Amino acid sequence: MKVSRLYLAFVFFVLYMPIFYLIYYSFNSGGTMHHFESFTLDWYKEVFADTRLLVIVLHTMIIALLSSSLATIIGVFGAIAIYYAKHRWKQTLLTLNNILIVSPDVIIGASFLILFTIAGIQLGFTSVLLSHIAFSIPIVVLMVLPKLQEMSPTLIDAARDLGANEWNVLTKVVLPYITPGIFAGFFMALTYSLDDFAVTFFVTGNGFSTLSVEIYSRARQGISLSVNALSTLLFLFTLFLVVVYYVMTQRTSVKGGQK
Amino acid sequence: MRRYAYAIPYWLWIGLFVIAPIILIVYYSFFDIEGHFSLVNYETFFTPVYLRMTFNSFWYAFLITAISLLIAYPTAYLLTKTKHKQLWLLLIILPTWVNLLLKAYAFLGLFGTYGAVNALFEALGIGTKQLLFTDFSFVFVSVYIFIPFMILPIFNALEKLNPSLIDAARDLGANEWTTFRRVIFPLTLDGVKAGCQAVFIPSLSLFMLTRLIAGNRVITLGTAVEQHFLVTQNWGMGATIAVFLMIAMASIMALTGNKKWGVRQ
Amino acid sequence: MDDRVIIRFDHVTKQYDDDLPVLDDVSFEIERGKFYTLLGPSGCGKTTILRLVAGFIEPTKGDIYFHGKRINNVPANKRQVNTVFQDYALFPHLNVFENVAFGLRIKKMPKADIERKVKEALRFVNLEGYEQRAIHEMSGGQRQRVAIARAIVNEPDVLLLDEPLSALDLKLRTEMQYELRELQRRLGITFIFVTHDQEEALAMSDEIFVLNKGKIQQRGTPKDIYDEPVNRFVADFIGESNIITGTMIDDFVVEFANQQFTCVDHGFAKNEQVDIVIRPEDLELTTVERGKLRVRVDSVLFRGVHYELCCYDTHGNEWLVHSTKKADIGEEIGLHFEPEAIHVMKQSGGE
């Protein structure tokens, strides 16, 4: 028992060490990540004074919210279509759906780059948005589909039996039932979008950048503690999202009356 | 619901962003750098330079997967035994929501010549070591980044395991190790496979880490694709490597028998 | 046409893909205000008949009439029929009140009316005061009653019930049998009830349809079916019975166990091979001399109200006897029975 606790503690220590290391040195006036001189908030001030960086943060947020909302809508209807598809099509559709999930990011990025070039779409906001929608859709489908499958088919029969037409069935039974899955899908899409680096790196042009790409180019130039300050802020934001998500799922599951 | 009009955007997505890109990659692999149709890319791929790179990619991906599995399985197992396991699991997932780049960046500091790890080494009397820009740091950071994706499916598989099966095995006289080997592990194999897939495939094509952490010492297929598309502008060659990556990916999927997405879970 | 008939199946066949038909050329009529039971073993097509009536599936061949109108292609939401599902199919995201109100809300009924009707329906099934409960907070029996309330609140002409009692324990089940029968009387609407429990069917129905392998084997009142099973399958499925083969020597004379007996059946061909049924409770224990059959007791079980004796005659036929008298194992005894106790059935074939 003792050994197992130590082991778990060690795993968690290694898992969180780098993150707290970053945060710790974001308050270092020394300007390096190894010698802590004294406490300062200068790096945070620098972040908030850096308009270029703030614009990039804004862009990242817009892309994430837009792409995950659109992907959620498209994905939910896709999942419903797969759910209703004839048995022998189901497997094919699922395979097609999952290709982008299992594909390495470089391939997605490279192939989208070709696609946008051929289609004559300017690399920038549009291409990044389209790419993020594209790689988020299958995630939404995968979060929603199990909820649909877990729903007893007699529920739909029951609704029809009670006079519901197809629209009623969708809005009064299916969508409410799968709401937790839709939330989960939306949040997964949001985090995928916020986290993505490789695909964006391929399809972003010169004028447009997201946070990941920006951090990459700054990190390649070496250590700058404003990046640390930025990561602290991002970490807090992530925590905030997790809490929001947690509260939301708790609420819907209490309302939905399931465990 | 039998009318499919509402799913038109989804069908469009499948056509434009799933099928078309694959066709385009294959198509582009048949053009040389001047835009002439040729098989020269495939010839190049079978030269020692690229074969070596392929071998390296697979070797590192294998190492990363194996080490992840070795660490992840006990972790997942012990997690299922904790109180508040959902909370602990959330804590495992949380770091995956921290931007990948930031985690890599953190290791620039940790592994630096004067970083925390070397400070520890000094204190232990081992002495300062070159950590950054080595194979070791590349594998370590990769494992660090991918390990939650290995823990998660194994944890889920362990959770699904019916506890009375373990009781039954013990009841039939199996000791703890035999129970693990003959009952628990085989029944969680699907989770292990899912985890291996989730780690092996992306680690085949890492390129950002190879640049930041390995300082271009490790060149994987992913790095080469990026290089050809964004630096040398030789899209044909990049596409060819991508084709082989896709083939590798498809074979791994087939090999690990992707039952996970079956009609019934 | 008889205007008491509410549903008519006219040579209905249902087939999935190229498999054997699940329902094979079935014809029957359902009358207003009666309690019908579909009885048969698992997989015989009971649920299929209900789904055809409800409109979830369409017949492959044949026609279904409702009030004399052909309804083969009328979708489920347009039919005056409601279903209580085998798994209740209550909406987990809605509370008890909203579940019951579902059909009324679809019809866009005014709020006040909905309130009144739902309350009334819940009172009907003894669930007053449970309106705000979540479904997962209700017990099995309560859920079933919510499902019934949800169906009857729409005032259907026909209520379909698919094994609604199968998930309940014995005590609750008996209780619900009474309640259901009582409910049907009060509402005066037609119930089509599915079960594979013969005792349940006998206790509740005005009329029973015995099904096997997609065909109706026999239809009739519980008494008809119990007393006059038309073939081996029905006799075997409805209650415990002794079934042996015999020969019809002449009208009113039948031979089995190498003996001839007087019976009340006639109209068979001379020397026709037949199946004979004698219910265990129609066999009486007596002395060897006074008995019509001479058997040896093989085992005795105490069943509470009666003893169940398993005996063998000299030809190796097994005889099950229900008796209030006890006999010892190995003892030779006589069995007596009246000519009316012998039911002669044609071999094979239904009605």
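A, B and C label the chains in the order they appear, each numbered from 1.
To be clear about the criterion, a residue touches a chain if its C-beta (ideal position, glycine included) is under 8 Å from a C-beta of that chain, and two chains touch if they have at least 3 such contacts.
Not measured: the values here are computed from a predicted model.
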Practice task
Work through the pairs of chains, note which ones touch, and then classify the graph as line, ring, star, complete or other.
Solution key: line
Practice task
Report the chain whose mean Cα position is at the greatest distance from that of chain A.
Solution key: C
Exercise for the section: Calculate how many whole Å lie between the centre of chain A and the centre of chain B, each centre taken as the average of the chain's C-alpha atoms. Expected result: 18
Completion exercise
Whole-angstrom distance, CA centroid of chain A to CA centroid of chain C, is 56
Exercise for the section: Please compute the C-alpha centroid of chain B, do the same for chain C, then give the distance between them in whole Å. Expected result: 59
Problem - Touching residues (chain side chain A, partner chain C) in the complex - result: 152, 154-155, 157-165, 168, 172-173, 176-177, 179, 255-259
Problem - Footprint of chain A on chain C - complex, ascending - result: 51, 54-56, 75-78, 81-83, 85-87, 89-95, 102-103, 106-107, 134-137, 150-151, 154
Exercise for the section: Mind listing the chain B positions that touch chain A in their complex? Expected result: 1-4, 6-7, 9-11, 13-14, 16-22, 24-25, 28, 71, 74-75, 78-79, 81-82, 90-92, 94-110, 112, 114-116, 119, 144, 147-148, 197, 201-202, 204-205, 207-208, 211-212, 222, 225-226, 229-230, 235, 238-239, 242, 245-246, 249, 253, 258, 261-265
Practice task
Show which residues of chain A lie in contact with chain B when the two form their complex.
Solution key: 4, 7-8, 11-12, 14-19, 21-22, 25, 32-35, 73-75, 77-78, 80-81, 84, 87, 90-91, 93-100, 102-115, 118, 133-134, 137, 142, 146, 149, 166, 169-170, 191, 194-195, 197-198, 201-202, 211-212, 215-216, 219-220, 222-223, 227, 231, 234-235, 238-239, 241-242, 246
